[in-house]
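Labels run A, B, C and D following the written order; every chain starts at residue 1.
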Amino acid sequence: MKNKVLSTFDEAVADIPDGASIMVGGFGPPGLPQNLLAALIRQGATDLTIITNRGDQTNAKANTGHLVELRRVKKVCCAFSASPHPSQRNLFEELNESGELEAELMPQGTLVERMRAAAAGIGAFYTRASVGTELAEHKETRVIDGKEYVLEYPLPADYAFIRAHTSDTYGNLQYELTQRNFNPIMAMAAKCTLVEIEGDIVELGGMDPNQVHTPGIFVDRVVKIPPPPEGLWTLPSDRRA
Amino acid sequence: MKNKVLSTFDEAVADIPDGASIMVGGFGPPGLPQNLLAALIRQGATDLTIITNRGDQTNAKANTGHLVELRRVKKVCCAFSASPHPSQRNLFEELNESGELEAELMPQGTLVERMRAAAAGIGAFYTRASVGTELAEHKETRVIDGKEYVLEYPLPADYAFIRAHTSDTYGNLQYELTQRNFNPIMAMAAKCTLVEIEGDIVELGGMDPNQVHTPGIFVDRVVKIPPPPEGLWTLPSDRRA
Amino acid sequence: MTTTEKKRIDRQTMCNRLAMEFEDGWVANLGVGMPTLCSNYEYADKDIVFQSENGLIGYGPLAAKGEEHPNLVNAGVQYVTMKPGASILHHADSFTVIRGGYVDVTVLGAYEVAENGDFANWKTLGRKGGGIGGAMDLAVGAKRVWLALEHTTRDGHPRLLNRCKLPVTAVNVVSRVVTDLGLFDITPDGFLLREIAPGFTPEEVQELTEAKLTISPDLKEFYGA
Amino acid sequence: MTTTEKKRIDRQTMCNRLAMEFEDGWVANLGVGMPTLCSNYEYADKDIVFQSENGLIGYGPLAAKGEEHPNLVNAGVQYVTMKPGASILHHADSFTVIRGGYVDVTVLGAYEVAENGDFANWKTLGRKGGGIGGAMDLAVGAKRVWLALEHTTRDGHPRLLNRCKLPVTAVNVVSRVVTDLGLFDITPDGFLLREIAPGFTPEEVQELTEAKLTISPDLKEFYGA
């Protein structure tokens, strides 16, 4: 099976064009593809659509928020488009308010289900999440079995940036604990999936077929994260500091 | 976490009422819950709705086909409602033709996606499978992004009968190789999930949280398969004989 | 009621009061912020399985400083531990748990709650964006939606309303509310005051509430206050 | 064409002909029955990943007798082996692979195929039931739908038709067909005969075909026959 391992993150992101849509995995630090994001920041692509859980992060250097600060993001699809408290109001929110950036906000379950629909060839689906709220105001609804549902459409992307623990050379992946989160679904939903690996990249046959979380058929490029300072690692102590 | 282990299959199926809907896992012998089916056959519940990949099997003693032969099945939802060749025509097919039994036939991907919709609180979904065929004749269709889709509704069940390799006492499950098939989805889609275990039932904490295929929150009753002849095991040599 | 000193309920006691209603074997999802305090309650012989949106089932107390696992957080991105029997799902399967009805109770925070069971917790006035997270899915998917919130805003405006003024998170879903002034059920008749903060009279609580309260004939002092 | 002895193509050669068109790295799904023979082809330095509906990715040859793993079968419930790098999905994820466009080619059997790309392979005349399996999902999801079938029925009726007479499996999806008489592409103009069985003339093949054939200006003898 094809060897998908590249040696640098810069190679991995080199062909990403302006205007690309990119899913960015992670839920908090676990599973966040910091090294791919850092490479994309160096690479320069602009006019990007970012699909990620939180749109409202602008403090990290290797986060989608930094792309927002650099004015390289035109749209963000997310489950958080404002910080929890008005006092934490940040640039992302200001750009959204001024219309310089479009933030499409949706329930987290709808976000991931729309990705899954894109992955699974589902044309649209009905969910109860957001029924009766302002998010459903201009959406089609339907009563099924006595309950109201909102119609939601697939959310595909050109690229997925994800982080996993272990890979083989074909890109079969294993995640560690809550590093999993959105990452397996993004790998299935995007046309081209880029993965940064924390642990080992093993030879073909080195991973138990029963314990592959994301099969390599969904994965296109794999890069091992180098040790710090070259490689980016977030440790709990960084967050507590 | 709650201990869900029972000692006999007869206990596990004791409360299943007439008229119940039951998902039966397995794809070929791997993952087929033979011991739960044998217990259900002993138990006597009738007027059943069976949801399973193949409706057209009547040769095995511990298969859904035996329930059909005993005239205890009113409906089967499946991806096969006739044997591949007319010469293999069997009782299931005859009962379907005479109207004594209803067979609802659908594409295999639709079958499992309808189960997943039931599991995931999805009210309905659009798929391209069966578009333009007689299966879609009386179904709602919609053109999305230039392609025609058929609307499909959830397929829930009262019970799921599945087979796994390893369990812990809470019902966290691991499957072995293609034993997995429909089983994880059925566990999520049914109100009450019964599992037969080929290998070990380990203590809480004895299974790697990263490698649980079906979390115990989806599982209700677990029984270890005893050695033959009491326990039913199908080995490849049985099928080749 | 005897006239004791007026005492608003502290947040941990509020959450304890909901937590003690959890039943053995329940799967519970706790919202970020105050609801997380429900995990501090001592459940004794009751076995509660905590589930979080990011796919973690069966998490335990917060990790001790220096013992955090870098890849193990709950929905509030707090470093947690796992109980024996824990497991991990991806996000789509995690929301199958949530929307599919496998969560027995979710305790959420809120800005407002209305007597018809609507509540608002994702967007404040005058802001274009908001923070939904898993709240809208939990609100429609969990078997029980309970809220923990301060009875009034910092300015003293009531949060228990006839109808929500802020954009709602879901309609007609809340069945129980705890505030620093009492424990309420939401019934077809609206808010039912079941337990009241020490020293407060039902009239005083009504004064701080926009919606009309029904007072339980069995009204008690707030348990544990 | 020289006049050689008439020779219908055998099934393995038919499937080899399709198999040799597979490209390096493709994910392939082979239907039960004749199409399975595509896995016997010697792909040499081309790496083909075989996927089956029951969630197996990267399976290898049939298991030797006595060496079958009881929990390892392909979609035809044949005991198979795994190649290094194989993995297992559950059925819903497996049909994500299939409907989601990750299958580069599916080779299916069929009773009939029409010049507009419709085909029929799940139900015969006079029967109420049928056997669909994964065929309808593969037909709409795979990037390429290729068929391997006998050119005529046992009674000599053509299977390459203007329009399908049997209930169709999918509409407008087939792009390539191999029969025991030749290799055909389906183009906007219908069937294009590209390679022909030894000893047959295009006129003879047309005689056994309901649909009007276009003959490739580059018509060759069936490769490998």
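Things worth noting here:
Just so it is clear, a contact is a pair of C-beta atoms (placed from the backbone, for glycine too) under 8 Å apart; a residue touches a chain by one contact, two chains touch by 3 or more.
Since this is a predicted model, take the numbers as computed values, not measurements.
Farthest chain from chain A, judged by C-alpha centroids: D.
Set side by side, B-D and A-D show the greater C-beta contact count at B-D.
Work out the mean CA point of chain A and of chain C, and you get 29 Å between them. With centres set at the average Cα position, the gap from chain B to chain C is 37 Å.
The set of chain A residues that touch two or more partner chains comprises 113, 116, 120-122, 127-128, 175-177, 209-210.
Multi-chain contact residues, meaning those touching two or more other chains, occur in chain D at positions 88-89, 92, 95, 98-99, 140-141. Those residues of chain D that touch chain A in the shared complex are 24-25, 27, 47, 49, 51, 57-58, 82-89, 92-93, 95-102, 140-141.
Of all residues in chain B, only 1-2, 116, 118-122, 168-170, 172, 188, 203-205, 207, 209-210, 212, 215-218 touch chain C in the complex they form. For chain A in complex with chain C, the touching residues are 27-31, 55-56, 79-84, 86, 89, 93, 96-97, 103, 105-110, 112-113, 115-116, 127-135, 165, 175-185, 213, 233-237, 240. Remark: chain B residues 113, 117, 120-128, 142, 144-145, 147, 149, 153, 174-177, 209-211 touch chain A in the complex. Partner chain A is touched in their complex by these residues of chain C: 32, 53-56, 63, 65-66, 68-73, 77, 79, 88-92, 95, 98-99, 118, 123-124, 127-137, 139-141, 167-172.
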